[in-house]
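In what comes next, chain A is part of two complexes: it sits with chain B in the first one and with chain C in the second one.
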Partner chain A sequence: MSRDMTETVPQKEKLVHRTLTGLNPAIESLLAAAVGLIIGAILMLVWGYNPWKAYAALLQGAYGDAYGWASSAARGVPLILTALTFSICVRAGMTNIGAEGQVYMGAVAAVAVGYFTLPAGLHLIVGLIFAMIAGAIWSLGPAILRLTRGVNEVISTIMFNWIARFLTFYMVAFVLVDPMRGEKTISIPVSARFPVLIRGTDLSWSIFAAVAFAIVIYFVLWHTVTGYEVRAAGLNPSAARYGGIKSKRTMLMAFVLGGLGAGLAGATIVMGNPPTYAIISGMPQLLNAGFDGMAVAMVGRNHPIGILIAALFFGGLTAGGRTMQFTAGVPLEMVRVVEGVIVLTMAIPELIRVFRVMRSSWDRLMSVLRRRSA
Partner chain B sequence: MTDKDRTNKNGSSRDYYLRAEGITKVYSNGTVALKEADLEIHSGEIIGLLGENGAGKTTFTKILSGLLPPTKGRVISPHGPVRFKSPREALSFGIGMVYQHFALVGTFNAAENVALSHERPFSPIQLTATKKKLEQLMEESGLRVPLDVPVEKLAVGEQQRVEILKVLSRDVDLLILDEPTSVLTPLEVDELFALLRKLKGAGKSIILITHKLKEVGSVTDRVVVLRHGEMVGDVPTAQASTEQLAQLMVGKALDEAGSAVELQDKGLPTAKRERANVRTEHPVLEVSGLTVKGNTGEVAVENLSFEVYGGEIFGVAGVEGNGQSELVEALTGLRSAEKGKASINGKNILGLDPREIYMMGVAHIPEDRWRLGLVLPFTLAENAILGVQRWDEFRGPMSFLRWGKVNQHVRELMKRFEIRAAGPNAPAKSLSGGNQQKLIVGRELAKDPHIVVASQPTRGLDIGAAQYIRDLLVEMRNKGRAILLVSADLDEVLALSDRIAIMYEGEFMTIASPKDLDRETIGMLMGGVAVKEGAV
Partner chain C sequence: MNWSFLTDLLRISLHAMVPITLTAVGEIVGETAGLFNIGLEGIILISALAGALGAEAGGPMVGLLAGMLVGALISLIFSIINTYWKGDQMITGIGINLFAAGFVAFGLIRLGSPGFHSVTRTAQIAKIQTPIGSLSPMIFVALVVPFIIHWFLKRTRAGLILKAAGENPEAADVAGINVNLVRLLATTFGGVLAGLGGAYMSIAWFGSVTKDISAGRGFIALATVVFSGLNPLLALLGGFIFGFFQSLATWIKTLPSKPIPWQFVEMLPYIVTLLVVAGAIGRVRFPKELGKPYKRE
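Right after this comes the complex of A and B.
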């Protein structure tokens, strides 16, 4: 004990701790990404793959050429929107896990526009509005439970995700089903599709919808009084109340804005993602769009600009992962491992604190044991 | 090992308990908080650490108590250098600190909080033993707190007593108190000082951080003065005059003879006591039969009636926890009233939300600036519009925030209210306590309100900032505005108020002019003596 108190404190450990907690957010995110890739490489080595080859392939596939960039961006589009859903609610002081379910509902609503005809362009816009409203309505459930009954939004949004999931299964199988091909819903008519932006890729004009939404959210949060109130209530609810801010209003606002984003994400997946333009049974395109958005929000530090960059990175991992799979033979799942490690690494500053507590407990335990044995 | 340290420490071979040598602290943002500070602490002495807000007092003691590492310099004991990695290590060495802002678990009661501070991982909780020890400690020290009530339901003053008990229960050798008297009543202060003398008699060292010159004189053996991070004075209390200390602390010669009196008088605005009679004919605030419940559902404010006129400062004095906070919260829309009426200029305010009340011309300087007054991670500019964010000046069409106007507003506030900060975009948490409070006061007074509800407006501030804020309140009064001043600092209430109410258990014991009250009477009323006599 006395040894610890004197000058012999290991200086290095303190340095590591301080650099990790005092870093600016952007560097922290970059560091987390690097650690994720390094641990992914170690795992590849353990399983007998060549990480250099794998990452070279991943990089090539993700950002090696225009096609790669386009694929990465295309995969990032829904992530931008679901990440915004999560981060708006974080800014308002809540943890909204509900983007996943809201994406499903948005996609279902978007497919429903296939039942009527409208001029091209207008049809697309009506579809987007449908989807956004559906997402917002689905977010209202947890919002109302929270505001009137105080139900924790983490639990209610998870439950609503499951309800949305099975409701969508049902809709795909029995309501929106394509009479010709039972494994998918009817296709969205050409008049309601996002045009492809770069020929030969799956990047469509939906990216502009996502970026526009990010910009709108940025302006709402940092350049409107409403956004100011949302952020104030998120950081210090007592002071917000003192400042005449109604936190119920700001919470509802955050839920609804988030729901609009997640619904829009559902729409971009089914209306802007060639070649399907429909929900396939089992909805492989939709699954995890909401959950992955939470990882993007974390790495993007809950800021719209950061989220745009992080979404391009996560999109790149998915897009490049396919190249990695067939060039280096590394299974696509390795990309998920890397993503998981990145999310864990983001929590490291907190973890180091926990480790220090554990270490000092351990020291104390050992000193007791030593005294006993002496 | 710790026990061995302790026994050695009381040996005769050394003549000091702890010595700080050349302590320098530079924060990561480049602020130099301390420059080459030296201090020798002996056993059995009380050191007064004097200095303005931002002088480095708290930084210095945080380094001593293991909360912050020094950038340069070292702390040595007679057995060699010591370096604490955490306050817990400092505590087991024998150094304990009571902070101005408390570290209590709100939902735990006092006994649980103390037990928690003794806790080691995986060891059983000693709740009964802790309670017993606390009761004994309370008996010895005279610091009383209810042990079975969650501390979040206690008043700030009571919470502080829990903090002091928490540290005392660890049998510390060096007790550091950061502005301990700012929330205590005169009687409690005397009790605290008696306790400190008792501890000193038992060979303990005490560092008392304060800015109250009177306290320094009454309890300390030695005064150390810090200014802008430098130790500018280290003198035996007996040899130091109040004026001398005040000058060391402020660092500038005081202009007139009157100013020295001012400082002696705890920096109260003597000059402004001769004030024009600008009292309005009709009251601005009228309260009748107001009853408000506290957090635990107890009646905190009972059947209270009073008026505050324009051009007067109506002071509410009393031991904290006698309903003052609930009264203020009810009048500012933060707490609903059970019964009664309250109106501003004849218009009812009960049942309205805070914004509606602000719109009627009420400014509110809250008692807890960290919890209520500021959003700490927000910038200065963002905090400067809290509560007025929806004014047309700042809110354009489509709810757009007029940043240009906001920044202009905050620059004006910084200039007008002497807020020292890096700029409009500096986070509020980077400001010193005095500047944070100036920001709140400035923001509220800039509303040009009919009535200012000021709750503990100068708590924990240095002489300069406190006096400045008091001057501002008097200035508002002289402009014909009504001021409802609630403060635990009796001298402040006495010096500023045109009329004083003494609050005890939710009721006013009396409403009188400060001239008609002597301190003894006030002390008795604050202790509820008249009520008891009446009841018997």
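Right after this comes the complex of A and C.
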């Protein structure tokens, strides 16, 4: 039977198949994105919107002109960093969903540095360092619970996210509050802001901070002993232990590196996004930065370069989502629905195989129906 | 001193216990069979909305059914991906949670009330008058279900099959058990209970849906499962403990003297969760193949 099959499959299709599996990671990401957008369209139809109009608006808003590209990139900046947080821990064999809370803490630290008076440039750097340290400190809690007590990091990081959320609410309302305007924190002074990169857009020099961090992480993971140990621990923990790698140390490294990235993400949001340069009450600009980063990490296949591309895609979804809300009337939340479906699809390892099975069962169903009707 | 606050605390604790206990007991069934569902948070969230819509369309019972149905449907998707398609359980769960957050926020906007939807009074489940105040009948459901599940897991053949699928899927497969089907059914059942918990929150407890109504309860339920060591009776106790600290937070917030800022009071259930899980680990043993897809060699 199998012999029969191989002989009937044309040579050309076999070749295509091989190319597909060779390109698997990128193709699968594209497939997942397509599935997400299609299911999003179906839901829009069900709820009575025009998906065609909505996606046209989204595309126009995200990549239609230079302003769109700049907005997409600006939205992508924190996502690059939170995606790296998630990816580093995936590489080390852990599921760290704590970037969300670490972003809050980074943003709080960055705003707190706004009280200092320092020369321009130096002030910015001090702010970034404080934010990164704050993010890393917030990542230590789950790391220590995991290392000393074996507490599953999925549970602990979520709990730390909620604690960070209420801590930030408190800091915004009582500690860092703007004495003139109670609904926001003080604004970060000009000396600690990222200069705007393209005038008239949200895109600031913070993008270089994010890209630099991605390069550093790439270098650490693939060109240092620590990075090798992190990746080895993730691929095969028991073999790594046997090879003399101290798995506890590498786990801690992964958490702390991730925390530095998430803290930096918080800093880029408050120091690099005109016009307020402050945390607004209810922190709408910070919410979901960490969770969206996980989707970016998966679509970017947990690789720094993939993450840069995926961040531009998800940044585009958010930036274009605003245009979609404005011109097609579809709520921005639709973007998160699409995101969820993309992540769900990314969870399937042999996505292409599943598609093929589904297609062949569809073909079989069709041929049965055709035979019936004939 | 007025001691009536004690009955208040007990009453609120019992109400807060229900979703956590139901979700945790359902997850115990799923984890016994070997699937680890971190999408419970999203299931609670969506079924809270589904429950509210169902109840407004056809009364409270339809609401509960709608919640259970939605919970079953999402868990079915989760378990198909993680059994037949060998998916990654963590990533699938994260996807469900992201989807649910967007879907419910979107749905609330579509209902014309961004962020908040109040359930009409006639659609809510009526409370029963008792010596300690009015209680939701769902509390009694949450008190009984753990005992039924405990009996099911410990005393029935089906319970044994679940355990085999989680502990040693190869042996179970050789013995003629369809491991993937068992896991799928167990996880879907877990989704039904989580969906019931979600629907309870909107139509029996709060009487409203908000876009973050679940507020981490799915994960607190996961913590309860860790605390319980897969024993449904301990999950009932754990659910009550977490319910108690939630009610304590609610109570402290209503004190006229405001001894602690409300933001710190709100942290209490999450901090307690961390402490309880950290304390529980070590004495607890989980199924050997928990969280790994079963692949026939």
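Here is the rule we use: the second predicted complex is superposed on the first by the 324 of 374 C-alpha atoms of A that agree within 3 Å, B and C clash if a C-alpha of one lies under 4 Å from a C-alpha of the other, contacts with A are read in each partner's own complex, and residues count from 1 in each chain.
Simple rule for what comes next: contacts are C-beta pairs under 8 Å (C-beta built on N, C-alpha and C of every residue); 3 or more make two chains touch, one makes a residue touch a chain.
This is a predicted model, so every value here is computed, not measured.
By the touch criterion defined above, A:His223 lies against chain B but remains apart from chain C after alignment on the C-alpha atoms of chain A.
Of the two partner chains, neither chain B nor chain C is touched by A:Lys248. After overlaying the two complexes on the shared chain, residue contacts for A:Arg359 are found with neither chain B nor chain C. Once the two structures are superposed, chain B and chain C can be ranked by residues of chain A touched, with C on top.
By the document's definition of touching, of the two partners only chain C reaches A:Ser156; chain B does not.
In the superposition on chain A, A:Arg181 makes contact with neither chain B nor chain C.
Within the superposed three-chain model, A:Ala240 lies in touch with chain B and out of touch with chain C [touch as defined at top].
When the two complexes are overlaid on their common chain A, residue A:Ser367 makes contact with chain B while staying clear of chain C.
Of the two partner chains, chain C is the only one that A:Leu167 touches; chain B does not reach it.
Chain A uses no single residue to touch chain B in one structure and chain C in the other.
Chain C contributes residues 38, 42, 77, 81-82, 85-92, 94-103, 105-106, 109-110, 215-216, 219, 222-223, 226, 261, 263-264, 266-267, 270-271, 273-274, 277-278, 281-282 to its touches with chain A in the complex. Put simply, chain A touches chain B in their complex at residues 1-2, 4-7, 9, 14, 22, 222-229, 231-232, 235-236, 238-246, 357, 360-361, 364, 367.
Residues of chain B touching chain A in their complex: 1-2, 4-5, 28, 69, 74, 79-86, 88-89, 92-93, 120-122, 332, 334, 353-356, 358, 364, 366, 371-378, 382, 385-387, 389-390, 394-395, 398-401, 403. Within the complex, the chain A residues that touch chain C are 43, 47, 95, 97, 141, 145, 149-152, 154-156, 158-160, 162-163, 166-167, 169-170, 173-174, 288, 291, 294-295, 298, 331, 333-350, 354.
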